Structure formats: structure tokens, C-alpha cells
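Look at the two complexes coming up: chain A is in both, with chain B in one and chain C in the other.
This part shows the complex of A and B:
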């Protein structure tokens, strides 16, 4: 298991370098832009995957956490604080070095929050909101849990649409670049930005985040907590009877996945230079659930591959006007024929199911058994 | 708030509440026979409105509505036969995701067939500016149609479930599926029937509400979540409870306009949903012991 994990990570790193070299060779570096975005969405999707597959809790509101991260960071780094300069809070922030002067499009002076501080604040807020929402929501099961998280996502969407501070229906644009690491000596600074010259750096940066996020989650799953989580998915009662703090585990994973979503939101917003309310829409949340489902609930690698791959295709516009319909179709087909994700399919068993012979129920039963035993 | 304004809000609340109640009843019918919450319930309402609007140029209004209800019922039946009928005891998570997928497909098909434009049926009686006046409170005749349709539907449903053999079979199926099967009731057909019934009810609601609230391809999600709120509020599976809860939610929402901005109106309903789920998940009228035995 350990060895396979390292192999996977090394393979992913090689793949990323390979893609870069391939695009450089063939002069198709424009693909890197969408791959960068897809990697950030992938970060969200693997976080949600652990929540759905391992803790067994569905969330149809994760676009809400993505939007909380993106919007807070965008609002803090673009809204001018100069008019409020003598307020005590602004003065305090200024003295702490959390504010930076900048210049707007028309050359006017601006005073905004430093992206680093905004990013941390946004992630902390997402974690806090996840904690507050999670305590009551995670007591619910099944339909109620699905509806409650759907409701949470819709409330965030409505609030964003109705608040002028968050740009209402226009969203926020003109978000500055995020200098992750300043220039040290002869090294160039590491900047999250959509600037043309920084495309390759941002491509590696995004996949760096994704790989680090993946390593953390894989370690989590392999650890004692991970085993506790898997037992949760199998049977909550049995887990509780074995002395596992089920509520606590669910809550921690919920907060963790919210932080992943918020980080993805912050980074993608700085990369794109803006964010709009559609990022918080129900359809986005459903799409993330679809990506987790198609990758296989308990197969983190499958989720990663499908999450980045399908998002990349969707961002390239491969599905055209049928984008949302394709994801709806994927949801239905995967849940009907391959509840463990399409990577778990064996051609033989599909044929069996399509053309049942003899005792036709057998493949169906097998499918159920495998659906109930996660992480095999 | 003046007394006139109060009644004006009250009427608006009752109108919207009736619509929510009908959607909630649709949820309840399917939940009772299958234990599934059908996330595509709001899409039935949208389909009803859209199909009747498309049929209207070719036939008189009552026929167009009847046609829309019939077609939506067929869609509901097809949905059950294609996607749900042959699954053997699927997990709740799987059913949730499948019905969400179906709702997306229906919505996207509607987008490609009818486009993004906002449409509406003409007023059944009079027009936009005709109004009844009681005292100094004015309301549109369509409001009466909505309330009458809602009332008739509830009465017809209770007669159907209490008096007719098919209705009794459906209730038997709801009470205990295995026992119903042993008594010679085809539970699978009952499930299909419940999807048809709930699709038809949703479509009828979509037709009567179309003149006042308009119909667009994406109204389904909001309606579904409000209908679900009402279904929970009234106790899942409880029809009279759904009507009472629907009118309660509609009224609360209508009065909320006087306190919070209009843009937050939907957020109010969803907040109520979350509060209810956290505090009284068995509904205002249900008992917590009975709710604990149910499988969500």
C-alpha cells in the first residue's frame, strides 16, 4: 500500500512534467491555462471525495465554500480602504503590515489588504463557517443531509447575488496577483496570476498544490483516523460501538474539505483575476458531486484523474452547449451502472449485466456487496 | 403596517403557499410509496407550465392544460421505468444522486427546447389588470384559481387514497411493501403510478401558477427546495400537514418582504428549512418517535 502510494505520486509528478514538455514541444502551451484551472478544481474535488467516499457524507453545497474562499479574498484585495483610513481597525491592520497601497485602473490610489492575509482570512472563515454549519448539519442523514447542504449552497449564492459589497450579479473583477513567495536573491518571486509570462510557473504551482493536497489526504486515509473514517462509511453504528467519535470525525473531515474548497477558490480567483456568482451556483456543487461519483467514491486516485480530466475537457468547451447536460448524464449513468466509479468497471461484469445469463441477479448482488465495502 | 397591507400580504402568502403545498404533496406521494425524495419534483412543475404554453396555440386552454398534465405524467412514468424500477434496494445516496441527475437532464432539455425566455399562460379569467376587491384589498382572479385548484387536488387525492381500490393499494404499499407484495399487489406498478400521480399534480400546479409567477426553464430547483421545506415542516408523508405548512411558509415569506430586501426572499425560506431540519426534523405536526423509525 505504502509503495503504491509513492509510485502514484511519482507517476503524477512525471505526468505533469511530461505534459509541460509535450505542450512545449508541439507548441500547444495554451492547454496549460485550462489545466491550471482544472488542477485547482481538482483540489476541491479530492477534498469532497474524502468527505463523500470515506466519511460517507454527501455535500451538495461545496461550491458555497469555494465561493466563500474566492469572494472573501477577492473582496479584501480589491476594495479600497483609503476612505476608512482613520478607523481604528484599518489603522491596526496597517500597523501590522497587512495593508498595501496600489493603483487602480485609472491611476487612483488604493489601499487594500495583502493577498496573503486575505487568503488566510478567507480560509479561516470557510473553516469557521463549515464548523458552525457542520455541527447541526452532520447530525442529519440521507435526504435531509443532501437537502440541508443544498440549502446552504443556495443561501450563499443568494447572499452573493444580493450583496453590493460582493459585486452582486457582476461578481468581482480586477483581483490582483498573489505573490506567494517574494523574490529571494536571484530567485524569481512565485506569483499566482494569469499573466501570460507566468503560465508555466502557475501550471506547476497549481499541480504542486494538488499533489501536496493529495499526499496529505492519502496519509490521512492510511492513518488511524483514516481507518476510523472508513468504518464510518461502512456502518456508523458499528463504528460508534467500537469507540469511534463518529460525530467528531465527520465534522473534522467536513471542515477539512471546506478548507480545500476555499483554498481552491482563493487560488483560482487570483489566477483568473476575478470571480462571479455562478461559481456558487447549485449546478457547480452538483458537478463536483458528479466528479466524485464518476471517479469512484472511495478511490481517491480515480477522483483526481476524473476531476482534473473532465474539468479540463469542460473548460476547453468540448461539451459545448451540452456542458451541464453531460454532467447530469454522467451522474445518472455512473450511479446506475457503476456506483464505484467507472475505473472500477470490469468489461466482463458490464457485459454480464447487459446480457444476463442463467441467474441474472448475480452481478447485481456483486455490485451491492462491492458498493458497501469501501476501500477494498 | 396598515390592515389593508396586511391582508394584501396574506393573500400573496396564501397563493404562493398553495403552490408550495402542491409541490410538497408531490414529494409526499413518492416518498410514501418508495421512501425516495424525488429531487426532480420541481422540474415537473416547470414542464407542466412549459408544455401547456407550447400546446396553447393549437387548442383551447383547458385542453392544453389537460394535455400538459398527461404528457408530464408520461414523462414521470418513463423516468421511473428507465432509471428507478430495475434497481434492487439501492442505497439512499445513490437514489439522491440519480434523481438529481434526472432533474439536470430535464432542466437542460427544457433549456434546449424552450430557450431561456420567460413565458406564461394567459390569465384563465380576465387579464393582468382585472381584480376582485374585498373591502379595500385587491387581488387577481388567478389567485382564486390557484387556491381552488389546490383545494380540489387535496380533496380528490384524499378521496382517491381512501375510497378507490388503487388508492388503497398504494397506501398498503406505503405502509409495508413486503406485506403488500404478499397480498398480491404489484408494488412496482404502484411505484410507477406514484411517479405519474406526482408528475401530474406538479404539472397542474405549473399550469395554474404560470400566469402569476411565470415559467422559465430553471424554476425547478427553487420550487423543489421550498416544496421540500413544506413537506418537512408538515411532516414527511402527511398531506393535510403539507397544506398547512405550505400556507405558513408562503405567508412567512410574503411578510418577510416588509423586513428584509426582496433579494433575500429565497434565503428566508431556506433558512427556515435549515432551522426545521436542525430543531424539529419530524415536522411541526409529526411525532419524533415515529420519525425515528423511518429510514431517510
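This part shows the complex of A and C:
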């Protein structure tokens, strides 16, 4: 089982390199841009997948966490602090080296927060908000939890839409590049940016985040804590009687998935150079839930594949003006015909026949699922 | 081992248990019998800390129980086999057992869990055969064994069982009670809650009869079996007929 996990990761790495080489060969490197964005959305979706599929808690408010991450980072790295230079807080930040001077579009001097600090602050805030929201909300179950998280998402959307600091309906643009690792010796600096020349680097960077995020989640699921997580789904009493702090676990996973969402938000905002209120809209949250559902709830690999794949198609404009309608439709169809996800349909039995002992990309969960289907 | 004095407990304003006093000594099988709604399950939940006591005290090996500290109770050696088995259906048998060792792993590490797992497989060979199978696909009797093994995974000093015979065929019930007897032989202490009074009293050392939240009769199991009130109410035998 351990082996399979590694095989999956290696397979994914090979696939990423393969895509790069293929696009380089065929001169279709423009695909990499959308793939980079899709990978960041994928990061959010796998985080949500662990919350929904494994811990069994739904959230229709994850676009809110994505927006909290993206917006905070964008606002801090774009708003000019020069006029407030003599305020004690700004002075303190400056002395700590958390501020950097730069030049705006029209040549004016700017003083803004360093992206690193902004990123960490945004993620901490997302975690804190998730904690505060999570404590009362996670006491709810089923529809009620869905409604409460939906409400949270709408509140975030409305706040962003009405706050001048966050650019109201225009959102925030001109977000600077995020230098993750500065240039060391002859090595190029690693920068999150949508600049043309950095496309390939950012493609690898995004998938690097996704793969690391995936490894962490796979390890989590496989561990003692992961088993405890999965026990939350079913009989709470038995889980408690085994000594599992069910409320605490729900909260921790909720915060974890919020941090994944916020990280995706931060990175994508720096990559795109801006963020708008539509990123916080309810339809986005519904889309993420649909992606988790279509990937197959307790199938993290399926969620990753579907999350990145469908988002890529959507970003390429394949669904045209029906984009949101398509995702709504997908959610309905999946719930009706394939509650275990698309990959649990025929494809899976075909795969099993072709590769009786499991191919590289085959998730370990599939074993469980196929054994489950006759009983359920 | 377990000593309860003047315990009142319930939910909200509803007082389910009224002035309960009981004790379980090491190496005993003690049974608590009573009809539906007598408060049997509430009692177990109060002991392990799922329900907060309103009054009175629960003393388990010198530790007082507090609500919300189920983990501490499990770590102290108190374990519950919940009513209706409640196995984790979408997880494999082995994962269910590993979950039972959740606290054990925290306290003593992974090796202890693996050792205990082996021990449970010896005690319940059927579970070894089914180790990779999903718990939801087991038969009722196998699920009950799994629930018991899961509770035993935490190396408890006291195992509390909530109606292990519910919904099982009579032959399987006999097996389950055989296992309970074997647990005592291995030095375990068992607090057994049952509606099946006859079977429970047959294996138990002592018994308590619970009626609408109060202990009405207590004593050695053999005495309770012979007690005319108990016979009439729980064993379906009336002296006058």
C-alpha cells in the first residue's frame, strides 16, 4: 500500500515533466499558463477533499478562504504605506525588514509589505478565521453545516465587494511578483509571477506545491490521525469511546483545508497579478464541492485529477458561457449516477482488468471502494 | 476498581439515573440488567465520560471521571463496546482495530499497537481471516466480535459492554458470552449491560437490576436468578403459573 502511494506521486511527477516536454515539442506552451492556475485550484480542492471525503464535513464556503488568502496578500503587497511612514506600526514593520520600496505604474514611489510576510499573515488569518468560524459551525451536521458555511462564503463575498480597501467590485490589480527564494550564486531566483519568461518555472512551481500538498495529505490519511479522521464519518459514539476527540479533529481538518485554500489563493493572486471578488463568489465554492464530488469524495487521487483537469478545461474556456452551469450540472449528475465519483464507474473495473496489481497512477483507495460497492 | 456513589445523570433537565451506587472489583463480571429506557446505556456513557454526571461521584482506579475527557478514561484503562456494535463500516477490519488502539499508540507507540493487534487476532481468529475486509461487510456476530476486539485494543482494565447480544442469532449469542467468560479467565474485568437477563446472569458473578433509573435489586448472580421479582420481571417466569 505504501508502495502504491509512492508510485502515484512518481507517476504524477513524470506526468508533469511529460506535459512540459510535450508542449515544448509541439509549440503549445500557452497551455502551461492555465495548467499552472489549475494546479493551484487543485491544491484547494484536495484540501477540501480531505475535509469532505475523509472527515465527512461539507463546506460551501471555501472560496471564502481562498479569497481571504488572495485578498490579504494582494492588499498588503499593493497598498502604499509611504503616507503612514511615521506611524509606530509601520516603523516597526520597516525595522523588522518586512517592508520593501518599489515603484508603481506611473513612476511613483511605493512602500509595501514584503510578499513573504503578506503570505504568512494571510495564511495565519485564514487559519484564525477558520478556527473562529469552525468552533460553532462544526457542531452542525449535514444540511445545517452546508447552510452555515454557505452563509460564511456569502459574507466574505459581500464584505470584499463593499470594502474600498479591497478594491470593491474592481478587486486588486498590480500585485507584485512573489520571490519565494532569492537568487543564490548562479541559481536563478524562484519567483511566483505571470511574467512570460517565467512560465515554465511557475508551471513546475505550482505542481511542486500541489505534489507536496498531496504527499502531506496522503501521509495524514495513512496515519493514526487519518484513521481517526475517517472514523468521524460514521459512528461518533464509537469514535469517542475509542478516545478520539471528534470535535477537535473536525476543527483541525477544517483549519487545515482553509490553510490549503488560502495558500492557493495567495499563490494564484501573485501569479495572476491580481484578484477580483468573483473568486469569493458562491458559485466558486459550489464548483469546488462539485470537483471533490466528481473526483470521488474519499479518493484523493481522483479529486486531484478531476480538480486539475476540469479546472483546466474551464480556464481554457471549453465550457464557454455555460461554465457555472456545467459545474452545477456535474454536481447533480454525480450525485445521481456516481456518488463515488466518476473514476468509480466502469473506467475503474476496466483499469483493474488491465492492471490487476495496480498501475502507477492507481490510488490505494480504489481497492477499498471496489470492495465497498457490493455492500453499499 | 470502579466505584460509583450516589450518581445522578441525564440529558438537559431530564434526570435518567437517580442515586445509583455500584462497584466493580478486579477480575469480576458484573452485569446490569433492566428494560428499555431504564438508563443502562446512560450509565455506561456517564462512566466513560460521554455524559456529564449531575451529582455523585465515579471513581475509577482512583481517578474521577470528567465529561469530555474520554481519552483520559481510555488511557486509564476503561473501554466501551458501544450498543449496536458501531463498527466503522467503510474501513477495513484491521483499521477498525488500529483505531481502537488510538490512545495506546499515543501512550506507548506503534509497536504496542501491532503487538496488541496480534493478540486480538489470536483471541478472534475470524478477524484475522477478515482483516482486509471492510467492516460493514461482516456478519452481525463478526461485527460484534470486531467491536469487542476494538475495545480490547486499548488494553483496558475494565471493559464495558452495551448489550452485546442485540440482534444476534441465539447460537452466536452463546459464542459471544463464551468470549466474555474467556476475557475474565485472561484477567479482564467486565461490566456487562444486557436485556437478555438469563444469559447475562449465567455468566456474571454479580448483578444489578436497574428500573427507571434506580437500582432495585443487587446481589450475586445466582441469587438474582432465583429472586422471584427478577424472575417475574426479566426472566419471563411467574411463580403462580
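Before moving on, here are some points about what is shown:
One rule holds in what follows: the second predicted complex is superposed on the first by the 346 of 376 C-alpha atoms of A that agree within 3 Å, B and C clash if a C-alpha of one lies under 4 Å from a C-alpha of the other, contacts with A are read in each partner's own complex, and residues count from 1 in each chain.
The working rule: contacts are C-beta pairs under 8 Å (C-beta built on N, C-alpha and C of every residue); 3 or more make two chains touch, one makes a residue touch a chain.
Computed from a predicted model, the values in this text were never measured in an experiment.
Touch criterion met: A:231 reaches chain C, while chain B stays clear of it. Residue contacts after overlaying the shared chain place A:54 against neither chain B nor chain C. Looking at the superposition, the partner that touches the larger set of chain A residues, chain B or chain C, turns out to be B. Of the two partner chains, neither chain B nor chain C is touched by A:41. In the superposed model, A:336 makes contact with chain B only, not with chain C. Looking at the shared chain after the overlay, A:245 reaches chain C, while chain B stays out of its contact range. When the two complexes are superposed on chain A, the residues of chain A that touch both chain B and chain C are 368, 371-372. Considering their complex, residues 224, 227-228, 230-231, 233-235, 237-245, 298, 368, 371-372, 374-376 of chain A touch chain C.
Contact residues on chain A toward chain B in their complex (touch as defined above): 56, 58, 60, 136-137, 139-144, 146-148, 150-152, 154-155, 158-159, 161-162, 282-283, 286, 289-290, 293, 321-322, 324-325, 327-332, 335-336, 339, 361, 364, 368, 371-372.
Residue ranges on chain B touching chain A, taken from their complex, read 37, 39, 83, 87-89, 91-94, 96-98, 100-105, 107-109, 112, 221-222, 225, 228, 232, 261, 263-264, 266-267, 270-271, 273-274, 277-278, 281, 295-296.
If you check the complex, the residues on chain C that touch chain A are 48, 50, 70-71, 73-75, 79-80, 82, 86-92, 95, 98-100, 102-103, 105-106, 133-134, 136-137, 147, 150-151, 154.
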